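By written order: A, B, C and D. Residues from 1 in each chain.
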């Protein structure tokens, strides 16, 4: 099978990661690369690492062209730009995997309040399938529009889901202490993310007001069938790639007995999942275990009535481009790990 | 006033920091440096940064010599080594500031269980004053033996104390997510702390079983007058210096109203403290604000009934050598910030 | 075609990189992993990143077993250990790719003087082919023993060869200023390579006495047909992976005219090489262009009679495991880039 | 003695370093801080690390005000901005220490060609004293305008001067391989200096065309009494602070015999210099030895007719703010190390 692929947005780290994966993909052919460039240029001029690997050109965004050549279009664009393009692509029958936040939140008002912009394509929000592969595999199979999850939500939801799905924890007490590498902030010039500002530093930011909070709440609430409102504090790590989230939960009386029990429960919940790895008792995952891969690794400990979960992912892979390709594999009935191991 | 000072243990990062501060101290003269060296050597051969600043020699540990020349002796030794030396120094009337854990825990059994060693000087534990300057200033004034606090406990206790002292939070719900630079692990060769293992990595360790937990519990429980048992997860940051702790507390009904109220409360509690700085609403401290200084900066936010506190210190200064000198200043009735600004 | 592969030495970074590449290799099957382990263990216990990718076990080194199952054996061992194993493997008809320094230097006395050990298998040194794929491709095709080049020599020789081969530079004036990431120093516990010592630091070491100097001299002298004695100063970079070498050469009168001419010359010399990329005038390669790949990128500038060349490689790939697999591909007549793009 | 000081430009790293030093200076009082701010603000709002250390305000640049209150004015401004202010300050009898490049190059045409701007105050260039304290101490004593040296030139000139001053090396063969931390690039938002671009990377830039080259050439040529034209390649290090330069020189026949001889020569040349430290044979300095200090450390080795010198400084201290205060100390006849040890 050959899948004809287009990518819109290739100058950012997510776009780079998409190209890297898709060049290795045995069933995908990249037909077009679009970006905000003035005139066509070799993608290897933007990313010299691709020299000798591809002669692909990157062109100015051309909405008609992208809907002619491709079966599937990946949108690796800033929030609020995707929704300018999606309606046209859907109308032309394309499958769209959108890596921005534009179609993740079912409540358009919440989107507008957190992203501080009016939604221009509210009509398609309902059609979008939330692309967390492990939870929505069956819906993704037939999706025409996948809203690929945010990086923080991916680790958070995967790290908490088994206990929420079985209603084993106190829904009023979900604390997520998150730490992310700097590629999560993108490639735009910024004083805050200068090397001189980030190195030998560590800081919290958007303390409990981050725009990924409603996304996590939406999915956990849906899964648990009750309102869950997490406490979420993200921090900037002086590393390029990787997210580690330390989650503190309060188990309900009589729910899970001890660490062994909660590990067993997670292993069962994620049975047969190719990209979820549960650590044994006493062992916790670290960034190095997953950076450069599409895995999400989870370690667990129960102390008294507190459950501590540590979840790690590569923010650019399982947290973005890797999961996007995983979703493409699901849609095209390919082995889910194709090009991802 | 001239204080004659001896330092035992100078090859580690804490010893280096002590020398650095004391060389700048207008009232202190370093008389002796002792360490596990084979034969006397210039301290600038151990730390080339001290060349042209001092001609001090470092000698083999000589317990008699150190009690002759000095008014105060700083012990910057591994845990369990201090208690071999302290009894002799106290007997000879010296003032001792011990930077190890040997005299911090009032319950000797707890010490023995967490540090996995038999205590050899239990008799002096009761005489030791816990050297958190802000909480024990009056006792430190007359102390002959100061048990200088651990780095994690310093940030944790300072970050939580105002709410605990006034019994405004749920004692069963104190969560501390701590992140420390690598100098906290010392200078001993170790595979786990190789640059190749630490850089581009981030990991949790000793998840809720770290030896600093009983120290934090002891002090918070004493302060609050009720048993407090914290949840504590430390992580290794790829930076040299600095600790940031994100603390999650649950305020009791009707205690503090909002962020402004809790900030006001902290400012009042730490009024006149030269080294505690409370951030304004919406602003949180970062490592860079305190690394290289003796300050502890704290930022706060109230969300629903959750209080989030972010506390940062330099682990080698306020978390070790800086606080040790602050305590010396207190003992000798010097301005507390002498040599520390 | 299926090549049965064994790897000896898997606990180091080079061993990890070999496994990673060979698991992706469509024509290779890893039959055995050997290492200094006490009892057999899953390789994913040593390197958790391989969980869910392989169930391979790592066994105690068993010289007989490794010669039964494998067509080719990769030795990723410390210097001086390889020569204990190589004779037996050769006697049993195995193809050996040795990543240590044991068979690189044709002059055994030089080896013994720089590596400070007696050579135990001098008889096989003459049979070893120096595995710099670009220069020795034809000999590698029929080699039974490949001495895979050192990391520094790979970048140095590739960066200088075109000018030396054509005798266009002064042989008495070859200056190599080399900078390497910390994985080049291996994974053994060491105070010098602690994160606290490496981060925010940069240092020269083994200034013009490094053991890779005779290797570079041997190859450049052979290529130029005249004695070349380089000046070589290596430095430790606070990054995990990558080598950048800045080379200063003096062109002979009337040799190459200008930057454009020298670039043209390099492009011609490396025509058809899949892994050598020459940058255009005014552009120089950086670590990020090659880390994670098997490429060697080279940038050039002529200023007066000085030629400046900047060569970059990933020390664990083109500088070790990648080039080793490239050599295996050559021996087994596979496309040279198999599993390496 | 009390020196009244003004600083223009405080939002950059050099301005921050100046404030930090001058707050510790026993003879200096900072009277004014000026910067491109819209309205007056506390300097501790710009740099939270100064909270509790000073209540100084930072004001909009006011050329009249700054010439009323101060004896000496430090200009820590971007190149080309200083020359707008200097004439007025000199006319009003102020002593000016300019940390920009505007008055360093005696040849105005060279300045204009390298900095790509017309010089607006060529008349004062001749009056400026080049502020390399070790070489120009006597002239600095009576200077009204000090052109504080660039960071790269400081390390380069100090590392090479003894051999050039005594005409012991080939003037056509001076190669400087320089590596600098990121604060050298300033605090302006820039994609090239994002943490994600700098970390795990290393790159050469402005290869032999850097604007500091004419400054190094000017000073070495003057010192040697013959035209010296260096080869200079700077690189970006993933550290915040520090410059290390590896210098390759060719000694003339019969000049210095060996490493011991060259070390002796350097020690004699820099006899009594408080901030120059020459390493013993076999030992080379590293960034950590000097970062946070005003020292320049130099290590040396002679191999054949090549002399290798490694010089290290803190780019913000000896390479900028530290040397500026050293020059102020010289002008005001204070001990040169005041506030700098």
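One rule holds for everything that comes next: contacts are C-beta pairs under 8 Å (C-beta built on N, C-alpha and C of every residue); 3 or more make two chains touch, one makes a residue touch a chain.
In this text the structure is predicted, and so the values were computed from the model without any measurement.
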- Comparing B-C with C-D, the one with more C-beta contacts is C-D
- Item | Over-half contact-pair match to A-D, picked out of the listed pairs A-B, A-C or B-C | B-C
- So how far apart, in whole Å, are chain B and chain D when each is placed at the average of its C-alpha atoms? 37
- Message: With centres defined as the mean C-alpha position, give me the chain B-chain C separation in Å.
- Response: 46
- So how far apart, in whole Å, are chain C and chain D when each is placed at the average of its C-alpha atoms? 40
- Message: For chain B, give me the residues that contact two or more of the other chains.
- Response: 197, 199-200, 238-240, 285, 288
- Considering the complex alone, what residue numbers of chain B touch chain A? 175, 177, 179, 197, 199-205, 207-208, 229, 231, 233, 235, 237-242, 244, 246, 248, 284-288, 291, 299, 301, 303-304, 306, 308, 310
- Message: Can you tell me which positions in chain B touch chain D when the two form their complex?
- Response: 23-24, 48-49, 51-53, 199-200, 274-275, 277, 279, 285, 288-290, 292-293, 295, 297, 341
- Message: Quick check: in the complex, which residue numbers of chain A touch chain D?
- Response: 13, 181-183, 185, 187-191, 193-200, 238-240
